[in-house]
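There are structures below to look over.
Shared chain: chain A. Partners: chain B in the first complex, chain C in the second.
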Partner chain A sequence: MNASAGRLSLWLLLTPFLLWIVLLVLVPHLQMLRVSFQVRESWDTLAWGLEQYQNFFTESYYWRTFVRTGVMSLFTTFLTLLIAFPIAWYIARLARGRAKGLLFLACLVPFWASELVRTYGWMILLRESGLFSSWLQALGWADGPVEMLYNDVAVIIGLVYNGLLFMVVPLVTTLDGMDENLVEAGYDLGGNHLTVLREVVVPWAMPGIVSGCIVVFMLTLGSYLTPILMGGKDSAWFTEQIFTQFITRFNWEQGAALGVLLLVLSSLIVWLGLKLSGQSLRKVMG
Partner chain B sequence: MIRSVPRSRWFDGLYLAYLVAFFVYLALPLTVTAVFAFNDAPFPSLPWKGFTLDWYLADGSGGRTGLFHDDTLLSALWVSTKIAFWVTVGSVALGCVNAVLFERLEFRGKEFLYLLMLLPLVIPGVILGVSILVFYSGMANDASRLWGIELDVFRPGMTLVVMGQVTFIATLATLVIAARLRKFDRQLEEAALNLGATPVVAWFTVTLPWLMPSIFGAAAMAFLMSFENFNTTVMLTGSDTPLTVALFNRLREGSTPVLNAVALLLMVGSALLAVMAMGRSRDNA
Partner chain C sequence: MGIESDLFCSNLVRRFGSNAAVDHVSLDVPAGTFFSILGPSGCGKTTLLRLLAGFDRPDEGDIHIRGARMNDVPPNRRPVNMVFQHLALFPTMSVGDNIGYGLKRQKVPAAERRTRIARVLEQVGLPGMENRNPGELSGGQRQRVALARCLVLEPTLLLLDEPLGALDLKLREQMKIELKHLQKAFGTTFVYITHDQSEAMVMSDQVAVMKDGRFDQVAPPEELYREPATPFVAGFVGDNNRLTGELVAVQDGLAELRLDDGSMVRGRLGQSSPPIGERADLFIRPESLVLGGDALRPDYSALRASVTATLFDGANSRLEADSAGQTLYARLPQDGSAPRLREGAGVQLAWDPMLARVFAPGAV
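Presenting the complex of A and B:
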């Protein structure tokens, strides 16, 4: 291939990519940023200003929900990691042959159903007229119907459930490639379970841990169905406020500002996670 | 705690109990959802009143409308299918082009563009939807206000939903296809070129068949993800409601076993699609 044909094929391949990234990602997000700094003075005049951001900091309801969403997402991510790690370890290191494939498949199956279906399943189990309540009464452990839905614990159960797959898969992938001699060497050198876990296994699994945590955190922070359907009156989620501004109140300027804030929060935490663990986005995602 | 390191019996027992508990936790919500699609009661809860197919087949005469006679849900199902089709076509096409771009060509700024390509994965779905709504729908509003031009394509509706979903599904398709292209032995392509094939012929007869399993895999994944997406879709949908949004609206009114019936149908449908995609990639691996 000569140079000009090379250039031509480069541009032919680059054009769709650039159209996609520029028209669907960059420009819309820049516009959202712009709109968030516009203040509507009358029906057709706009001025630049920080009013939407001031609203966010002065109305405690906004920033309280913002902080709550962030903290609960971090907690959910951590919990998902704790729950998924022993499972991933078993699948990657202890199970053999068919059992290994089957257990891995069993982790995948629930995610062929949509988030809505999964949440609905939890609602059937946890609500006042639900299965757990009926079982508790049948066993004589409860006198009347027990409401287990519409509280923060229910929300976290649902969120962890939604995130599990995205934690198990990267963990299994990294743990699968680990050399068992490393672990044996750790024990031979006098390490106990805890030191081997801390000094050998976790550093090895770090790319998988970081990639799982990033994906689960993003999914949780941006989730809408689970907190809305399983949460109670006080368990507002930040995405819900964005939705309300856009769809119910038609206040795009305020909604855009809240959207920018959510994006900043998620980027900041992903960036911090990468920095603290010494990983790069390319390594953990690509 | 590997096989060669001795473990105590109670530790093994505890570990096993944990595994069982975990898989029960995974299976429980979906199992109950599926089972209650067949309960002969107007509300999906215990006690069990017997087996019925009413929630699929009832035609509304006995006070029950089954899924196959529920026009709202059926048309929502059709809308979702159309959206998923176009998202699949768009994402897989972009995925192929991007995979070749990043795996085969060298150019300045490649690292940076690769990071841009990954960007949609670290943007929450709601924000993807919102930004596209603000830009395109805002543009349609401005065009209408300033010049009286109606850009109805950019009003909330199917086109915007497809655009919003392609934004992040294309990244996933790219990663799947690029992973397979990376394993391709380039000597095969060079052999074709040496035997007199043009680069285009070599691409279609040697490289593309090698990529086929990953293209099928990416297509199945794109279809499923589009069909199930809620967060991006809900911001962009217009009057023609896709299935997840229709189900959500229905669920807020109160649950009926028809929802279980739809849920089971969706589970079976996606499982079949997933098994097909996995079977195909195994045949060709």
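Presenting the complex of A and C:
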């Protein structure tokens, strides 16, 4: 194979990737960035300006929802980590042979259904006429139907459930590669459960923890169905506002500005997380 | 000696299913001893070490360390530290933090911690290496860090699980000697497990030869070599020739064997002697075999053999010979007095019967 043929095959291999990056990532985002700085003066005249961004900061409903979405996403990510770590530990270190595969499959199975179906599943359990409510009544712990949907707790339950797999997988991968002797050495040199976890296991699993957290945080921040369906009217989520601007209000300029702000927020928090944990994106994403 | 020793175990048993990996093992290791447990892989030595470290519990028997019963004490509360086979240095910590980990757990203040880390690093020959990462060190240096990490805690007992296995030959020879010197310098009691008999012989004060979960013999290296108690020890420790024949007579502790080709040989009777008329094995070391006829004394036992090959290996050069279908190795003299031996040449191999051992046939 000569040099020009080699170059041709390289380009052919790169083409799908480049098309994807340019057409589906770069162009739409640049377009959105452009639209976000356009101010509509009348139905056919446009001017450049920062009006949409000013709206965001002056209209407290926008930035409050924004902060709320960020904080709740961080909390959801943290909660997912707390729940996923013991599961991953069990799958990676304690389960053997067939049990290991089955447990992994059990984590995967819910993801064969769409997010919509999974969320409805939770709604069946949590709603006023749902399973949990009727059980509570049957056990005599509640006098009437209990509404467990349409509050922040319900939203977080749904979001944690959706993120769990994406936290478990990277954690299992890193914990699987850890030498059993490291844990034993941790105990042998005088450590208790807590110190071994803090000084030996967590530092080792850090790349997995960070990559899991990044994925779950991004998914949560950008999720739309779960907060809408399980949060009800009072539980505002930032993606919902972007949707409203684009679809209901037909205000693409404002929607684009909010979209850009969401992108900036998520990038900023991921960057901060990497800095704080002393990890680099290259190390975390392998 | 006794229950107040640094390590005293009585009738330890650890079963996995119906198989006893450790089968009624008793041992007594006085303070300051370098004690080795030598055995082939699968003999239960790692299981025994894990019982001592506390990662596993014995089904029967007691472990005492300086008189205190350790059976129910978790590993982090035992005055015992372990150097793992693959060292298990914490990859996320610097050398200094690796060594400081145990001190931190003992709540040693930071300033004292620093001086103790610096001191122990100097003792193992790695001064000023605190801030290096274990990944940047050579195999021998990592070895020393693993030792320092344990020794800085001044344990009563240091367990070593074949830590030299991963090193190349040259470095292993060097570390063997260094380990022995370090043990003497620190005065800590070492319990070292290995399948490499040379490691056990060079370093130890006492060696226990382990087979199928039991100790065959516990003795200083030289006694193990010269006075093996069982055919397994005779075959496992050092090189040995084995001749199989029929026991025909016993006189003054000397046994006479008739080999399959009819030649008669003699050797001292070991502890497990077969009855007369049964099969028996005679063990004779390569260096105990004398070549040629002129040095032969009347009380020596002798055998005709034909040369198969001469194996030159410096100070360890040997002659391979065949006698009635049994292969024998004899050490070639190092003063150049060895006769030039061609392949197929006839040769007389003789030995002092007092240096040969006769046992009932056993697994080797």
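The criterion applied here is as follows: the second predicted complex is superposed on the first by the 280 of 286 C-alpha atoms of A that agree within 3 Å, B and C clash if a C-alpha of one lies under 4 Å from a C-alpha of the other, contacts with A are read in each partner's own complex, and residues count from 1 in each chain.
Keep in mind that, in the parts below, a contact is a pair of C-beta atoms (placed from the backbone, for glycine too) under 8 Å apart; a residue touches a chain by one contact, two chains touch by 3 or more.
Please read all numbers here as calculations on a predicted model, not as lab measurements.
Once the complexes are laid over each other on chain A, chain B and chain C both fit without any clash.
Vertex at the C-alpha centre of chain A, arms toward the centres of chain B and chain C: the angle is 90 degrees, rounded to a multiple of 10.
Greater residue coverage of chain A by touch, when chain B is weighed against chain C, goes to B. In the superposed pair of complexes, A:106 makes contact with chain B only, with no contact to chain C. Contacts of A:189 after superposition on the shared chain: chain C is touched, whereas chain B is not.
In the superposed model, A:29 lies in contact with chain B only, and not with chain C.
In the superposition on chain A, A:203 makes contact with chain C only, not with chain B.
Looking at the shared chain after the overlay, A:264 reaches neither chain B nor chain C.
Per the superposed model, the minimal spacing between any CA atom of chain B and any CA atom of chain C is 5 Å.
Note: residues 184, 187 of chain A belong to the chain B contact set and to the chain C contact set alike, using the contact criterion stated above.
Interface residues of chain A, counted against chain C in their complex, comprise 179, 181-182, 184-192, 195, 199-200, 203-204, 206. By the touch criterion stated above, chain C contacts chain A in their complex at residues 53-55, 74-77, 80-82, 84-86, 88, 90-93, 101-102, 105-106, 149-150, 153.
If you check the complex, the residues on chain A that touch chain B are 1, 9-10, 13-14, 16-17, 20-21, 24-29, 31-32, 35, 44, 83, 86-87, 89-90, 93-94, 103, 106-110, 112-118, 120-125, 129-131, 134, 161, 164, 180, 183-184, 187, 193, 214-215, 218, 221-225, 229, 239, 242-243, 246-247, 252, 255-256, 259, 262-263, 266-267, 270, 281-282, 285-286. Across the interface of their complex, chain A is touched by residues 1-5, 15, 18-19, 22-23, 25-30, 32-33, 36, 43-47, 93-94, 97-98, 100-101, 105, 107, 111, 113-128, 130-136, 138, 145, 163-164, 166-167, 170, 175, 199, 224, 227-228, 230-231, 234-235, 244, 247-248, 251, 255, 259-260, 263, 266-267, 270-271, 273-274 of chain B.
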